[in-house]
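Sharing a structure below in structure tokens format, with a few things to ask.
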Amino acid sequence: MNKALVKKLLRELQKMPIVDPHTHVRAHQPVATHLGDLLGYHYYTELSNSSRGQPAPLPDRLDERIDYVWPHLPDLRGTVQLDWMMGISEAFFDIPRKDWFTKPKKEVIRRAQKAIEGKCYEQRVWQRSNIRYVVMTNQFDEDLSALKDKRLVPGLRTDDLAFNANSIGRLDKIFRVKAGESLVSWRAAVARVFDNFRDLAMAYAAIGLPPNFSAVEVRDEEAAALLKRISNGESLDAQARQTWAAFALDELAGQCRRVNTPYCLMIGADRGVYEHGVPSGQDQFRCDAHLRGYDRLFNKYPDVRFPVMVVSDTVGLELATAGWIRHNVYPVSHWWYSNNPTDIRRELRRRLDVLPRTKFIGFHSDGYSLEFTLPKFNTYRLQLAIVLAERIEEGQVGGSATIEPLNLDGALELAERILLRNCGEILGCR
Amino acid sequence: MNKALVKKLLRELQKMPIVDPHTHVRAHQPVATHLGDLLGYHYYTELSNSSRGQPAPLPDRLDERIDYVWPHLPDLRGTVQLDWMMGISEAFFDIPRKDWFTKPKKEVIRRAQKAIEGKCYEQRVWQRSNIRYVVMTNQFDEDLSALKDKRLVPGLRTDDLAFNANSIGRLDKIFRVKAGESLVSWRAAVARVFDNFRDLAMAYAAIGLPPNFSAVEVRDEEAAALLKRISNGESLDAQARQTWAAFALDELAGQCRRVNTPYCLMIGADRGVYEHGVPSGQDQFRCDAHLRGYDRLFNKYPDVRFPVMVVSDTVGLELATAGWIRHNVYPVSHWWYSNNPTDIRRELRRRLDVLPRTKFIGFHSDGYSLEFTLPKFNTYRLQLAIVLAERIEEGQVGGSATIEPLNLDGALELAERILLRNCGEILGCR
Amino acid sequence: MNKALVKKLLRELQKMPIVDPHTHVRAHQPVATHLGDLLGYHYYTELSNSSRGQPAPLPDRLDERIDYVWPHLPDLRGTVQLDWMMGISEAFFDIPRKDWFTKPKKEVIRRAQKAIEGKCYEQRVWQRSNIRYVVMTNQFDEDLSALKDKRLVPGLRTDDLAFNANSIGRLDKIFRVKAGESLVSWRAAVARVFDNFRDLAMAYAAIGLPPNFSAVEVRDEEAAALLKRISNGESLDAQARQTWAAFALDELAGQCRRVNTPYCLMIGADRGVYEHGVPSGQDQFRCDAHLRGYDRLFNKYPDVRFPVMVVSDTVGLELATAGWIRHNVYPVSHWWYSNNPTDIRRELRRRLDVLPRTKFIGFHSDGYSLEFTLPKFNTYRLQLAIVLAERIEEGQVGGSATIEPLNLDGALELAERILLRNCGEILGCR
């Protein structure tokens, strides 16, 4: 590693503002109100449950969540997950990393809590992070009318409309309609959802999809029959649920086309696989999951942009090549289990080497609280700096007949492109 | 990166002659006649189509193809695909890379065109590339009788005989037979194809196969019935087409045994997946594609050498282990989507670490025009230099009780082995 | 590569004692008695068979095995497999690596044989390797009553109880029972096997499983019917065999729970794929193999620890995430085809970055003779040193708000944790 060069690049990357194109930040409480909000993040509770050797149920109280996680922190030293908490601690609590392992637990918690409860805490997080805006994950029936902060950009999560039978009742409730009566009424209700979010200047609509989902065509008659059964409260079998989801996916893509918003596919997680796990700590991907079940969808909606993020590492080149040949597929970032240095570095270099620089988005935090944006971006920035430094050196060695020379400015321009400009141009927000 | 060592290795690698064991170079016009031949290469048209955000049909006229691609070139800076065009520009047009982005379009085109139309252009490409020979991709009914240049080695592409119903009529036409009349006549016609290509000193026969193809055994009676239906002009369903292809694959392997030529399997591309794509820019692999459908074929023809190239990254170690234990499987090069620095480097190091040095072939260009051979080899050579330098350093650090010491000469001998000698010994040509 | 730092780390790693948690070392003859024992290791015979270009049957006599392998050794230079033999030669025979390629074959063999036949040879191997203990692979009916050396720890291999019909007769023989009479008697016999091995202080029970095995629930009635057919000598079809194996797997996990021993799953090899191969040189994995067929098993036995090793590279992150969220899954080492520098390095870095340091085991040799432990660990140690050096440098560049700083001592503590302490704590032996 050319440490001097990597350091130089990293320092410059750390000066850039942040756009965080996918988070779970809460509209009305973007930052934590308690250390247990942060240490209760599933990355810590699940690793604690895993470290313990025997499962234990996660307590509800925030201070008990701290107790749940605390004994396992030493075993997490050296992991990226812990780095995120430590980054928060250093940046926003002014508690150095080493204090967590040398000072009394009580003292660390007291100091952290004092910072969190401080008057300008939220402002400090925004400022020290240098965040321009973050995209949230909002349920279709979430009331965002009181949202004033333009830095919190709505993102319409559509999973429930495709996978959750209770969405019919929820549509009925917010619009005072009978969405389950017919496809016409369901479509009208869904259109109103999209109208609402368009008026809220959403960044995009998004949906999470299981591994090897197949986006088949479903006829209206078949969908109408399923809608009737769903609205009658019938419990559908797996095949029927999948058919409805495939139908809904098409309809939702059609809505995206209508209101001209991208449809972000978040592909690959099987939920609830590990039955002794903590909430959000029970999910896995499978390494044989491919993306070819979406061929028809991508072809059918040529005028919808599909940013795609994947949870598995094995599908990385397949996604890159979809972004390479298809005009409407945009690889996005490094998600969940693939958000680790090894997989970031490989995927990032691949994308830089084979994709038009306009065709992919660098990074998102997926954080549940605004504090996580900065340290997660820093993990990525370090890997980005390493990849760019290596690429600069290859240019110096190879010569311009072999490989495009890249200097510091060119590298930073590329970084700015994938981290900032592409969020605006692909997602169409600011 | 040990830049000095990588540079030293790269310079030495660049002095080596090139054998290019797989290309699509045209027998009677190996080099381009127009810049649009080169910028019309699917790597540029597909990336342009992808960059545009909305698909546009590819024009036929060569100058319009230049216009199609030109506006998107800046967004391709930093990609390997553009590096190949820039390598051509620097090596054969004497136009420096930077001129493409600073000089008027007209001027660049004029200078390129002037070079291409120059008297000794083809000779210059051969010489500056230092190419010993290239293997072509020839259709079974291609007339190569006028071919005089021994540096252009025929390669018999057999896809149509297995997958294309019109091959029956084409066999009839060239041999004035009725190939569809019976298995006996079909076999006789196919044997004549192989005799022809043997007499032309072909390097090998080759076939492209889709992901997860299963080379099952097919009885003669079943094949005969299918042949009858094909020659009657019936349109077969997918299953029947696959059965015929499996039968044909066996027969073609048998012909390879008869004339003692290797059978090169090019595995993993699904054609025509992206319907809005440009020609040759519509294909994808799938990351769950494995090679185990060929177990029976490899076992049945122990006296046929099977060089195998794969389009997916995920099958890399599986292919390496096939080359490791099987006496007749030879991993070949880095193909198509896997021909990028990340995947080259990983696969190359794996093969160097676990395979007998005689069991794999380093690189091929897959170029449609002779100009692409040099820059594509240069992309590979840079990665090879990086891998070898790292391996040399590991030897220096590890000591001979841990890892075989490797010096510059040893590294170059290894490179010469996989790039030159193995082409001769595995493929059996010169 | 920071050569000075890597070297420093490697030297320290090489001073550590070795615990080898999985081998095939023979209880009553842990070291070789003839050079043909070592050169007859399947890594050499299979690579020789593969190098030859045409298969040849493996001779039985040990000196003929040397002849079988010898001509191919030069082509194996630079591979890790040869490094292991060369490491043995340097460490235990005092024959430098280069002598193998410059001295007469006879002389090398004579010197090697003299070392092997020397009085203190076994003691020398133990001492120079600095091995604390190795875990063996013992058949359930293997007589270990004469085993005195506490450094040889039994490991109960249970494959035959699940996959081999002859296990019924073997149970009958050792316990003078009729194990096939009923599930009750089969269970009682299997319990006696586990009691025996518990009394022998086994490290763990283990089982090898094919790719994509599905550990489904099987009802007792169905299993009883299958047991009857098996004990009647009926040959079961593939589906019935798989059902019995799934049943047996559950039962064996239950026995592990009863005697409080881990159940080590060795996942992914298809046996006998390459019909012209030498013994143990006929097996392959498949790159689409995932681990999700074990979800039910892992959930059902929350109080059994499942160390898991995998033969394929593609399942690496999936296994890491199972270890990440599940409290009873422990990724183990780098097995077989994945035991090469490329795949070691990637997997190791991933595990260090995302797993609690208590949740995985660094390395095992899988050696058939004690001599292989040291050189195989050395191959791993070099890659570990490279990964740790890189991680130390990242810490220096990133700063503590981005990534945990790691110094030499911290890196060695981490190495000691995954190589030594975790063998004790996860496997529960010494």
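Labels for the chains are A, B and C, by order of writing; each one numbers its residues from 1.
One rule holds in what follows: a residue touches a chain if its C-beta (ideal position, glycine included) is under 8 Å from a C-beta of that chain, and two chains touch if they have at least 3 such contacts.
None of the values given here were measured: they were computed from a predicted structure.
Chains compared, chain A against chain C: the Cα-based superposition rotates one onto the other by 120 degrees, nearest 5. Counting every residue number used by either copy at the chain A-chain B contact, under half are found in both chains. Note on chain placement: the centre of chain A and the centre of chain B lie 38 Å apart, centres being C-alpha means. Of all residues in chain B, those touching 2 or more other chains are 288, 314, listed in ascending order. For chain C in complex with chain B, the residues that touch the partner chain are 1, 3, 6-7, 10, 46-47, 49-55, 72, 75-83, 86-87, 90-91, 96-98, 270, 273-277, 281-288, 312-314, 337-338, 340-343, 375, 378-379, 381-382, 385-386. Per the touch definition, chain C reaches chain A in the complex via residues 2, 288-292, 295, 298-299, 302-303, 305, 314-318, 320-328, 346, 349-350, 352-359, 390-391, 393-394, 396-398, 400-404, 406, 414.
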